[in-house]
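Next come two complexes, and both contain chain A; in the first it sits with chain B, in the second with chain C.
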Partner chain A sequence: MAANPQTAAERRAPWLLLAPSLITLVLLMILPICIMFVYSFYEFVTAGVEKHVYTTANWREFFSDSYYHMFLWKTARVAAITAILCALLGYPPAYFIAMTQYKHKWLLLLLLIVPFWISFTIRTFSWIHILGEQGVINVLLMKTGLISEPLRLLYTEGAVIMGMIHFLLPYMILNIYVSIEGIDRNLISAARTLGCTAWQAFYEVVLPLSLPGLMAGLLLCFVLAAGSYVTPDILGSTRDSLFGNVIFDTIMGQLNWPMGSALSIVLLVLLGIVAVIYSRFMGLSRVFKGLGA
Partner chain B sequence: MNAVAESRGLGWRLVQVFTVLVYVFMFAPIMVVVILSFNDSQFGGFPMTGISFRWYAKLMENDAVLRAFQTSIIVALITAVICSALGVLGALALVRYEFPGKEWINTILIAPALVPETVLGVGLLLLMRWAEQPRTLWLLVLGHIMLALPYVVLVVQARLIGIKRVYEEAALSLGANRIQTFREITLPLLMPAVVASLLLVFTISFDNITASMFWRPSGVETMPTQILSMLKVSISPEINALGTLMIIVTVGLPLIGGGLARYLARSGR
Partner chain C sequence: MTGPSMTTAPAVELRNVTLAYHTFVAVKDVSLSIRKGEFVTLLGPSGCGKTTILRSIAGLVQPTGGEISVAGRRIDNVPIHKRNIGLVFQNYALFPHKSIFDNIAFGLKYRKVEKAEIARKVKRALDMVRLPGVEKKLPSEMSGGQQQRIALARAIVIEPDVLLLDEPLSALDANLREEMRTELKIIQREVGITTIFVTHDQEEALAMSDRIVVMNKGEIEQLGTPEDVYRRPETRFVASFLGQSNLLPGRITAIADGQARVQLDGGPEIIAAAPASARAGAAVTVVVRAQKVTIGAGSKAMPGKVISASYLGGTAAYFVESGGIRLQSNATIDERVWREGEAVGITINPADCLLLDEKGDRLV
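Right, the complex of A and B next:
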C-alpha cells in the first residue's frame, strides 16, 4: 500500500518476517499430515511394528468394519446435539449482553473470557461433583426424599454432552455476541416505528443479521466437540467413547500406527468437509474473528 | 434507541433471567470444586464435614504433583516467549505488507486452531517416529507453540490494525531504518498485545491436555495429565485443592497482567 515503489528488499521483508512461523507450521503440521497419509498405507505387523510396504488393508478395514462406522456416527450425533444445545443456551445471553444498557457490561464480557483461563481439565472434572453419586444433584434429591437411590447421571452420554456444552458455551456466546453487537441499532428502531412488535423486530431483523455469528459458533462447537476425547474419558463410561478416543486407543494403546493414521485422516477429512461446506456459505474469516474475540 | 428501551417487557425479563442462569451454569461447578477443596472429609465429594486446609498441606508434600507443576511452568514459559516472538513477526508481515498469497498464508497460520487437536497430536508423534527421534520436553514445547500460534497472530493483528501507520512512516522519513522503527515505535505501541499474547500462550500451554497426552515423554506428567491420572485412581480431595490452586494461577495471572498493563498504559502516557 506504500506509495513508493517496492524495492526487492521491501518485497522480501514480509517473507522474512513470516519465515519462522511458516517453517514451524510446515514442519509441525503440514509435513506430519503428509506422513500420516503415507503411514495409513503401511502394513501393521504387531504392536509398535509396521512394514513399510504399500497396502490398502487399513482403509479396507475402516470401510468394512461397522465398529468404526458406529463410532463415527455417534461422534457426529453427539457433536451435533452439543452444538445445537450450545446455540439454544448461548443465544439469549449473547443477545442480553449486546442489548443491555447495564453499565457493567464489561464485567459480563470478562466473565465470558474467564472460563478460557480455567483449566479445561478442572472444568470438566468439576461435573463429577455435580452429577456423581456424591454430587450436588443426587445429595439434594436424596435429602429432600424425592429419590432413595442415587440416580446414574455421571458416566453417561448426557454427562459427556453436559461437559462439552460447559466448555464450548463461551465460544458460542462470544461469536453470537460479536455479530449482534455489529448490527446497526437504527434498523431495530426503524422496524419498531414501522409497527413491528418487539418479537417481530427480533425475528425479522436481529435474528437474520446475527446468523453469520450463530453459524460460526455452530461450526466451532461442532468441530471442537467432534475432535474431543478427554471429556468422554473423564465424564463418560467406555460405551460413551467418541472417535477421538478410538484414535487415542489405537495409537497409544494398541500401538497400531497405520490404522491410527488412517483414522486420524478420516477425522481430519470429515471435519474439513464440514468446514468447507460452511465456508462456501459464510467465509472462514468469521471463525477467525470468533476465535480472536 | 428509545423504541428498544420501551419495549423491554416480559420478554426482556425472561432473557435477563435466562442469562443469569447460564452464568450460574458456567461457574457453579467450578465454585463447587473450590468449596470442596476446604472439605475436611476423607472423600472428594459431599457432604462437607468441616473446614480444613489439610489437603493443601498434603498437596505440598506430593512430589509427583510438584514435579508436574514444575514441568508445566517451564514448558509454558519457553512456549510463551518463542511463540509470541514468532506471532508478532508473522502478524507484522500480514498487516503491514501486501504480497501475493496473503489469504493462503493467513489460513495456514490460523489452521492449528481449526484442525482437531487429536489429529495434530497424532501427526507430531508420527513425525518423531518417522524421524526416529525420542520424545523429549522439546516436543511438548514445539507442539504447544504450534497450537498457540494462531491466537498470538490474531491478538497482535487486531492491535496492529489499530496502530496508525503515520507514526512508523514519520520515523522512516526521519531517517530511521526498518529495525529502528520497529524497536522505537512499533514495539512500544504493540506492548499491550505482546503482554496479552505472552499470558495467553502461557495459559494455553499450561492448560493443554488433549495433545499433551500424545506428546509427553514417557514418565513425564504435565499438570493437566497429572490431574487426569489422579482422577483415574479416585476423586480424592487433593484434586479439589489442586484444582483450586490452578484456578488461582491461571485466572489470577491474566487479571493481574491485564490490570498492570492498564495501569502502565495510564501512568506511562
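Right, the complex of A and C next:
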C-alpha cells in the first residue's frame, strides 16, 4: 500500500528547524541586499545626500566608465594570482599533515589555526615591520651591504598579494588536507604494487582524488581575495587598490551611497556568477565533497 | 628450463622473516616455502600478523630481519613497483575515479604494454571473472561481489609471480562468499597462479587451500595440508583454534598395549592411543574433537549427565558432565536427542584422542 503519509506536524518539523537560520539570512543578508539594490537607483545629489527618485544614472556610469572596468579586471587578476599561489604553497603542507605518521597530528592542525587568534588587521600590519624601509628585510640587506638604499617592498602589488596569501593560506591548506585525509591509503599501495613509483602513485591517485578539495580551496581563496579591501589598503599604494577599495572610497570617502550600492551589487553578482560557472564546470557537489568527505 | 635450480626454486620463499613496528614484533622468525601454482592460506586470529606478512612480500612494509625470495630472486631490496606481485585488498581498493577498464589496465600501462594488447588483455580478464562488457562503468556502479572480481582481474591481468589475497571475501555476505570461494578457486586453477590467501575463517581455509599456515602471535604454529592441521594439530593453539575440541588436562598413569591411561585432573580416567614418546607419570592434555565424543544410553561407557542440548537438525550440540569435568559433544543424531538432565553414557574412541605435552606440543 501507499507509504506512511506524513502528518502535518512531521511536514512542518524541517521548516521549524530551519526557521532561525532562514530568518537570520533573510533579515541580515537578503533584505539589506535588496535595500542596496533599491539605493543603486537613487540619484546622488551631493556628499551624503541622495534623492529618492528612480534613475539609471549610476548604472550607466558603471557600464560606460572604463575606470571601473579596469579595477574589476585588476581585482580578478590579483585574486586569481593569490588563489593559485595559495594552492601551490598550500598543497605540500596539506599533503604532509595528511600523510605524516606523527602521532600528534592535531598539533600540526592547531598550528594552522593559531594565526586566527590574532586580529586580522594586526597580522596584516605586521608585514610593515618585515617589508618596510626600516623593516627586517631591508635592514638586514643594508647591514650586509648587499644594497645601499632600501628596496621598495611595501606598498606594492606584491605586498598586497603576500598579505592576502598570509590570510588565505590556512583555508586552502585545510580544504586540501581534508580531501587528502579522506583518501584510502590502500589505493596508494595498490597503485604501487601495480607498478607506480611513489611519484606516479601521487599523480595517479592522490592528486586526482584531492582535486575537489583543491578546487574548493581555489574558489574560496578567489572569492575572499576578490572581496578584500583592508589588505590592499594597508599594504598597497593607491595604485594597488582593488574593487573593494573603490567601493569603500565611494561610500566612505565621497559619501555617494547610490553609486557605492551599484558597485557592491556588481561585485556580488560577478562573484556569484564565478561561483556558479565554476560549480557547473567542476560540479559544486564535488567541491563540497572536498569539504566534507 | 634453463637449469635445475630454476625448476626447483620455490615460487615464494620466506627465510626467518621478522618484522617489528617500533618495539612491537608483529612477525617472528617466519620461514615458509611455497611451490609454483600452490594455494597457501595464512590462517589465524585477528592481529596475528597475516596482513603484515603479505605486505612484506609486496614490499609495502620492510622486514627487520630475514630474506624473501620470489621465483628464486631475492626481493627484499627490490622497490615495490618492480616486484611484479598481485595484491587484492580486503576493501578491494579500486581506483574510484577510474573506469573499470582503466582500473584493470592500470598495471599493464606501467608495464609499457601497447594499447591494442591492453584492450585484449582487459577483455580476457573480464571474461575470466565473468563480467564481460563493464569496461565503461565506474567502481561505484558495481556491487560488492562485482568489485571483488574486478579487483581480482586487476591483480591477475599483470601476470604476477604471486597473487596475494588479504581476506578478499570477508566483506561479502554469507551466500556470495561461498559462491566467490568456489569461483576464486576455479580461476586460480585455470590461471595456475601461485596464491597466498589470508583469512581468519577456518572453513574458508579448509575448503580452498592446498596447504594451511596456522599462525598465532606472529609465529607459525603449524604448516600442513587442511587434513593435517585439522586431524593432527601439532600444538595446543591449533587444536583449540580449528574446529571445536575438548582440551582435558591430566596425567598418564599407565601405558600398556599402545594405550595410555590418563587420569584427568579432578575427573574420570580416559584411555588414549599412546604415541611412542608418551611416558607414564607425564602431565598431558588430551585433545578430543567434539564430533568424536558420542553419547548414548550405554552402561559400560563413561557415565555422565547432559547439562545443555541444542538441536541442530542433523546433529546436536551437547555439554555433558562426567565426574567433575565438562565435555562438548557434537554428535550426529542416531538414537534420539538427549535432553537436559538426562543420564547418559559417554564414549570416546582411544584412537580419536591426541596427547599434548606440558609445553602444548603434540606427542608423537
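We adopt the following convention: the second predicted complex is superposed on the first by the 259 of 293 C-alpha atoms of A that agree within 3 Å, B and C clash if a C-alpha of one lies under 4 Å from a C-alpha of the other, contacts with A are read in each partner's own complex, and residues count from 1 in each chain.
Convention: a contact is a pair of C-beta atoms (placed from the backbone, for glycine too) under 8 Å apart; a residue touches a chain by one contact, two chains touch by 3 or more.
As the structure is a prediction and not an experimental result, all values here were calculated from the model.
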Can A:G132 be said to touch chain B (first), chain C (second), both, or neither?
first
Looking at A:L31, would you say it contacts chain B, chain C, both, or neither? Reply first, second, both or neither.
first
In the overlaid three-chain picture, which partner chain does A:S21 touch, first (chain B) or second (chain C), both, or neither?
first
Would you sort A:T193 into first (chain B), second (chain C), both or neither based on which partner it touches?
both
Name the contact category of A:L209: first (chain B only), second (chain C only), both, or neither.
second
According to the stated criteria, A:I234 is in contact with first (chain B), second (chain C), both, or neither; which is it?
first
Have a look and say if chain B or chain C is in touch with more residues of chain A.
B
Contacts of A:G145 with chain B and chain C, given as first, second, both or neither:
neither
Touching both chain B and chain C, residues of chain A:
189, 192-193
Chain A - residues contacting chain B, complex:
1, 11, 13-15, 17-18, 20-22, 24-25, 27-33, 35-36, 39, 89-90, 92-93, 95-97, 99, 101, 108, 111, 114-123, 125-130, 132-136, 139, 166, 169-170, 173, 185, 188-189, 192-193, 198-199, 201, 223-224, 226-230, 233-234, 244, 247-248, 251-252, 257, 260-261, 264, 267-268, 271, 275, 284, 287-288, 291-292
Which of the residues in chain A end up touching chain C in this complex?
184, 186-187, 189-197, 200, 204-205, 208-209
Considering the complex alone, what residue numbers of chain B touch chain A?
1-5, 7-9, 11-12, 14-16, 18-19, 22-23, 25-30, 32-33, 36, 43-47, 85-87, 89-90, 92-94, 96-99, 105-120, 122-127, 129-130, 142-143, 145-146, 149-151, 153-155, 157-158, 178, 203, 206-207, 209-210, 213-214, 223-224, 227-228, 231, 235, 239, 243, 246-247, 250-251, 253-254
Quick one: in the complex, what on chain C touches chain A?
55, 58-60, 79-83, 85-87, 89, 91, 93, 95-97, 106-107, 109-111, 154, 158
